[in-house]
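Next, two complexes with subunit A in common: one pairs it with subunit B, the other with subunit C.
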Partner chain A sequence: MLKKLLHSREITAFAFIVLMFWGVGMINPAFLSATNIWLCFNSSVVFTVVAIGIALVIITGEIDVSVGATLGMTATISGTMIRDGQPWHMAIIAALVVGLLIGSVNGFGVTVLKIPSIIMTLGVNGIVRGLIYVYTNGKWVENISFDFKSLSQGRLFDAITYFYLGALVLMLLVHLFLTRTKRGKYFAAVGDNIGGATLLGIPVDITKFKAFALCGILAAVGGVLYVSRVGFVTPIAGNGYEMKVIAACVLGGISLSGGVGSVIGASVGAAIMASISRVLVFVGLSSDYDNTITGILLIIIVVSDSLIRRRAVEKARRERLAAKTLHAITDGKGATHSA
Partner chain B sequence: MRKLQKLVVRWETFLVLVIVLEFVVFGTLSPKFLNLKRLFSGLNQFIPVCIISLFVTYVMITGGIDIQAGSIVGLTSIMVGVLWNDAGLNIFVASIVALIAGALCGTLSGFFVAYTGVQPMVVTLGGSFLYSGLALAVTNLSAKEAYQGISDFPEAFRALSKTELFGVVPMQFVIFIALVVIGYVLLHRTNYGRKIFLCGVNPNAAEFCGINTRAVIMSTYTLSGLSAAIAGILLTAYLGTAKADMGAGYTLPIVTAVVLGGTSNLGGSGGIVGSALAALAVGLLRIGLSLNGLSTQYLDIPVGILLVVTVSFRFAGTNPKLRKLFSRKKRQTVISRAG
Partner chain C sequence: MNEAIRLPRDAMLSVRGITKAFGSNSVLKGVDLDITRGSVVALIGGNGAGKSTLMKIIMGIYQPDDGDIYLDGKLAKLGKPAASLAAGIYLVPQEPMLFPNMTVEENVLMGFKENSSVLRKRLAGLINHLGWNMDLGRRAATLSIAEQQLVELLRGLMRDARLLILDEPTSSLTFNEVKSLFKTVEDLKAKGISIIYITHRLTEVFQIADQVLIMRDGVITLNGPVTDFTRDMLVAGLLPPNADVRDAANACVAQDLTGKDPLLVVENLTGYGFNDVSLQVYPGEILGLAGVVGAGRTELATTIFGRDVVKSGKVYIQGRDVTGLSTRAMLEAGLNYVAEDRFLNGIFRLSDVAANTTAANLNRMSRFFTNFKEERKLTDQYIKAFRTKVTGQDQTIGSLSGGNQQKVIIARSLSTMPKVLILDEPTRGIDAAARGDVYHIIAQLKEQGLAILLISSDMEEIVELSDRAVTMYCGHINQEFAKCDISQDNLMAAAFGVIEGSASGA
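Up next, the complex of A and B:
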């Protein structure tokens, strides 16, 4: 069990976040206060939810770069409805429906029209961004009721916000779905080996469609949380989130070629992404370096991961070759048969 | 005759038709569109995208993707400004330094793509964070406030974009055409170009042919970085200000232009002429729509739709179920006609 845990890919990301907190704590002890660490995690709630959604898509071997626009659109819609005094549940349902709709459009394009996902979602991203301007006329959505905003401040034991707790429960549910149920296991199967999955009779297209639809819904959840946390919505809300959550997934050990990784990793990655700007402040650097550090981290982690894995593959191959030769020496003809 | 037939069914011919159609439609809608001076001045804003898409084509032919070009535009722009304003370099020396920096940025990403086997999407995602972060860092070196940008460039530099050939054709457009010719010759008429195609079709075969695939792949990213630097300098000269966030949001139009131009995102096929024509078509669409009163913020909607629709035409044929659906319909109509 312990060995399995140590070999899991999330552990690298988790070790990294511990190391980062410890390192910053050495430089500035104020960082290691409980309040501050909870703040780091609590502030990652929007990233976490959206990263879980995009992780589903990436695990099936596709990509979705429209989540930022989906988040912006759903935040705009739910924000407007709440501002205009509509009941909250209606606003939330409207946001979820719009998220589902955008996700379904992506899924339709990728599974039925067979458009490469990066191109499809890039196109949808542009369209939805434009539609946000059409919907708002470029105006900000402000004057969100105080009650709704204070939802994001509710805390359990004065530490973890209910929102983040909810995100963690969601993460656990999705994780159990992916690892314990039949249909959940299809996701990784499709991403790992699409040909094999097809031959086994797994509904490849339906699984991919589900992934995109769920991703859209989770981006919508992120949009609603965004409204409550930030308290106003600009037309460019969520701009660049798609890149940040993809980076979070990659940092959390999810491979963009599909089949490898878990939503737990994605959540840890999201926490790293959200903490970097806080870390910079505590180290005494301007948060302008946020992007630089993110970029360097991303490249270093991914490149070293790839090199380590390549070495492991080569080692395995060498061992197999050695075993084969040994076999050939010890029982002559048998080797040619087995080969 | 066969040659003529071949010419007619070519994708590039279709793009030329699209451009002609745009001239007819927008020309009748608003006569301003046919005013060459106005047309070129509108196109000036879009020339950077056209230039970058030429060389991102190279990257996509090798099977990669480049989403960092936009941030290299910002980086080179602010570098020119800071080197000239704060370091006191001659403006053209500063431009050359920026060109070299752009090429180096491309090479760095290309190195990671080619030599470590990490997916191009991840590396250039990291690159886009890194270079946009570096651009902000460079901004902080300047004495001027970031939001103002650096302006008041010498006339000799601004002449790069202000000079007009024969009184109408702006210098930027001339540079673009020159780059099309260079790009065409390099890709379609030299050994190096053949190697790029082979790397995209089958990298293993290319390796066995004695081609240094890694160096070839890396060089394509160098070229795209260099083209982004050229675009950044031209944009700075045209707008007269150097800013770090120039080129943000270029990814959608660049990828649209390249994919619309007939280059496959899986690598192995494509061409410069297609990309150039597609980039012009997208640019003219934007100008035409904005001349007819569509606000610039909405322009991503038609561009996104254009991308999704054209690509769906090309890829829908690869879905056997859809093909069956359509062929059955055809057969039914044939039968009903016969009946």
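Up next, the complex of A and C:
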């Protein structure tokens, strides 16, 4: 069990977050206060939910760079409705429907029109970003009711917010779905070997479509949480979130080539991403470096991961070749070679 | 119109009048086929004969343009893989299609609807029944090819497959693994499972098949019980109808190599995939390197060409020690290699013919900007010399037929003025006419005094072209043949590691 745990890909993310907290605590002990640590985790709730969504897409071997725009759009719509005094549940439903719609457009483009997902979602990202400006005329959505904002402040035992608790429950549910159900296992299968999945009669396109649709819905959930947590929505809300959540997934052990990784890893990665700006402040640097550091981390992890994999593949190839060659000698039959 | 189609009563699968074309390239031209319950049907045919396409249609991966498929005498609609799987058909692909990051158990149980505890029990029962010894917890990425095939077989059997299609299952297996696979096939047959066994190895046909089918150019040209045929008859069935004069015309005159120095010398070379290989190729000589896929031929060639590390041994070109030099240095030393897989390693698919022809030679084409006049001149020269069928130099190479693509690739290699040329499967997947042209080109190159190392798993090709031949088996050169000893039988036997009597050079 311990061995399995140590070999799991999430372990690097856990190790990373522990080391990061410990390291920052060395420089500034105030960082290690319980309040601050809870703050790091609680503030990662939006990243966590969106990262779980994009993890579904990445595990099937695709990518979605439109999650930031989807989050911005759904936050704008639900924020406007709440500001205008509409019932909360209507605002939430509207956000989820829009998220589902955007995710479905992505899924349609990738599975039916066969557009590479990076291009499809990049295009959708631009379209949605533009529509946000059209919808708001470039104005901020402000004056969100206090009651709605205070939802994000509710805490259990004065420590963990109900929002973050909810995100963790969501993480567990999605994790169980991916690892314990037949349809959930299709996600990793499609990302692992798409040709093999097709031969087994696994509905490859439907699975990918589902991944994009769920990703859109979870980005919308992120949008609603964003409205409550931040309390206002600018036209550029969610900008750059796609890099943050992709980095969270990669840091959490999800392979960008698909088939490998878990949403638990993605959630730990999201907590790391949310902590980076606080970490910078505590070690006395400007939090302006946040995105730069995220980008550097993303590249370092992806490069080292692919180097390790390439080396493993090469080693396996050579071992296989060597096994074949040696076999001839032990085989005895006809293995005499010409002098 | 709708006549009742008569089908054999014990046929599990019947195929009638299947046609399929990809663009203008018609791959299947009306195929009829019956598979009896519990029989092993060997399907043989050259590359590009249409075997894989036919199997993919049966698997529901491709849709036929015309024709019908019947299962147990009833018309079947096999629109997608799920339908074929439900009908009890399972294809074990040549390269097993496993999920490398999943365990053996997950791989086998993937895609089922039933409860997983029920499935596990069934799988345990099945493995017990087969008497196999298998660690279900291993990650698929750590399995050997043979083990991966067993996992594929388990997948098929778990689906209660009644028809298993094995696509060249032995192509990358070691000798012992082949033996155990044959035993498995016998077991399955005894349990009433029909098997379509695709292979390139005639000896295997007689070892395990009940019925034999030969496909050539999209039609089945020979069909019947194995006992009705001899190996020579099968060989004849594989050859184009007008090819029977070839052996007589191919007079046995060994080249006189005295006084000549070999251009390429390989001495006790060891690398990944081959061990202690020695050979020489003389100017104006074609040395055939025969062997089955996976014997280490391509690894040998690519290592000589500087793509992988040399563990020990020496390589000389024109007497100069070039062991372990980079590919670029090898090109400068006068060696060129025409890779096996045109699509992966050969063509720049979207570029035009001219750009592809001159791509290896851009230094000569330009100081800074490409000299298009020079490019056109060189391209034109090769198009004429090789009779390459193009609409113009600006045609993209991806739209050419396989044979014409290969001509352009050979032209590109030649434009670097090599002294030694390694051709790896030069006629794989190209049609008979283009094959003749490529042979003609190779013969011309020989006349010009190039030393040519011809790698091929097509034994006819080795027989037709080579002045001397060696066979590779499991990474070793196990036999050498002088011109007069080269025959398909000899080569095949040696490539299989079965050496009969004492042949020269061994």
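Everything below uses one rule, namely that the second predicted complex is superposed on the first by the 306 of 339 C-alpha atoms of A that agree within 3 Å, B and C clash if a C-alpha of one lies under 4 Å from a C-alpha of the other, contacts with A are read in each partner's own complex, and residues count from 1 in each chain.
Here is the rule we use: a contact is a pair of C-beta atoms (placed from the backbone, for glycine too) under 8 Å apart; a residue touches a chain by one contact, two chains touch by 3 or more.
For clarity, every value in this text was computed on a predicted model and none was experimentally measured.
Residue contacts after overlaying the shared chain place A:L200 against subunit C, while subunit B stays out of touching range.
When the two structures are aligned on the shared chain, A:I63 is found in touch with subunit B, with no touch to subunit C.
Of the two partner chains placed by the overlay, only subunit B lies in contact with A:N291; subunit C stays clear of it.
With both structures placed on the common chain, the touch criterion links A:L32 to neither subunit B nor subunit C. Once chain A of one complex is fitted onto chain A of the other, the partner contacts of A:I127 are limited to subunit B, with no touch recorded for subunit C. Look at A:A159: by the touch rule set out above, it reaches neither subunit B nor subunit C. By the touch criterion stated above, A:D192 is placed in contact with subunit C alone, subunit B being left untouched. Residues common to the contacts of subunit A with subunit B and with subunit C across the two structures: none.
Every residue of subunit B that touches subunit A in the complex is listed here, in rising order: 65, 112, 116-119, 121-123, 125-134, 136-137, 139-140, 251-252, 255-256, 259, 265-266, 295, 297-301, 303-305, 307-308, 311-312, 315-316, 318-319, 321-322.
Residue ranges of subunit A in contact with subunit C, taken from their complex: 182, 185, 188-189, 192-193, 195-203, 259-260, 316-318, 320-329, 331, 333-338.
Subunit A contributes residues 63, 109, 112-116, 118-120, 122-127, 129-131, 133-134, 138, 235, 243, 246-247, 250, 256-257, 286, 288-296, 298-299, 302-303, 306-307, 310 to its touches with subunit B in the complex.
Considering their complex, residues 59, 61, 80-82, 85-86, 91, 93, 97-102, 106, 110-113, 116, 141-142, 144-145, 155, 174-176, 272-278, 294, 296, 299, 470, 473-480, 494, 496-499, 505-506 of subunit C touch subunit A.
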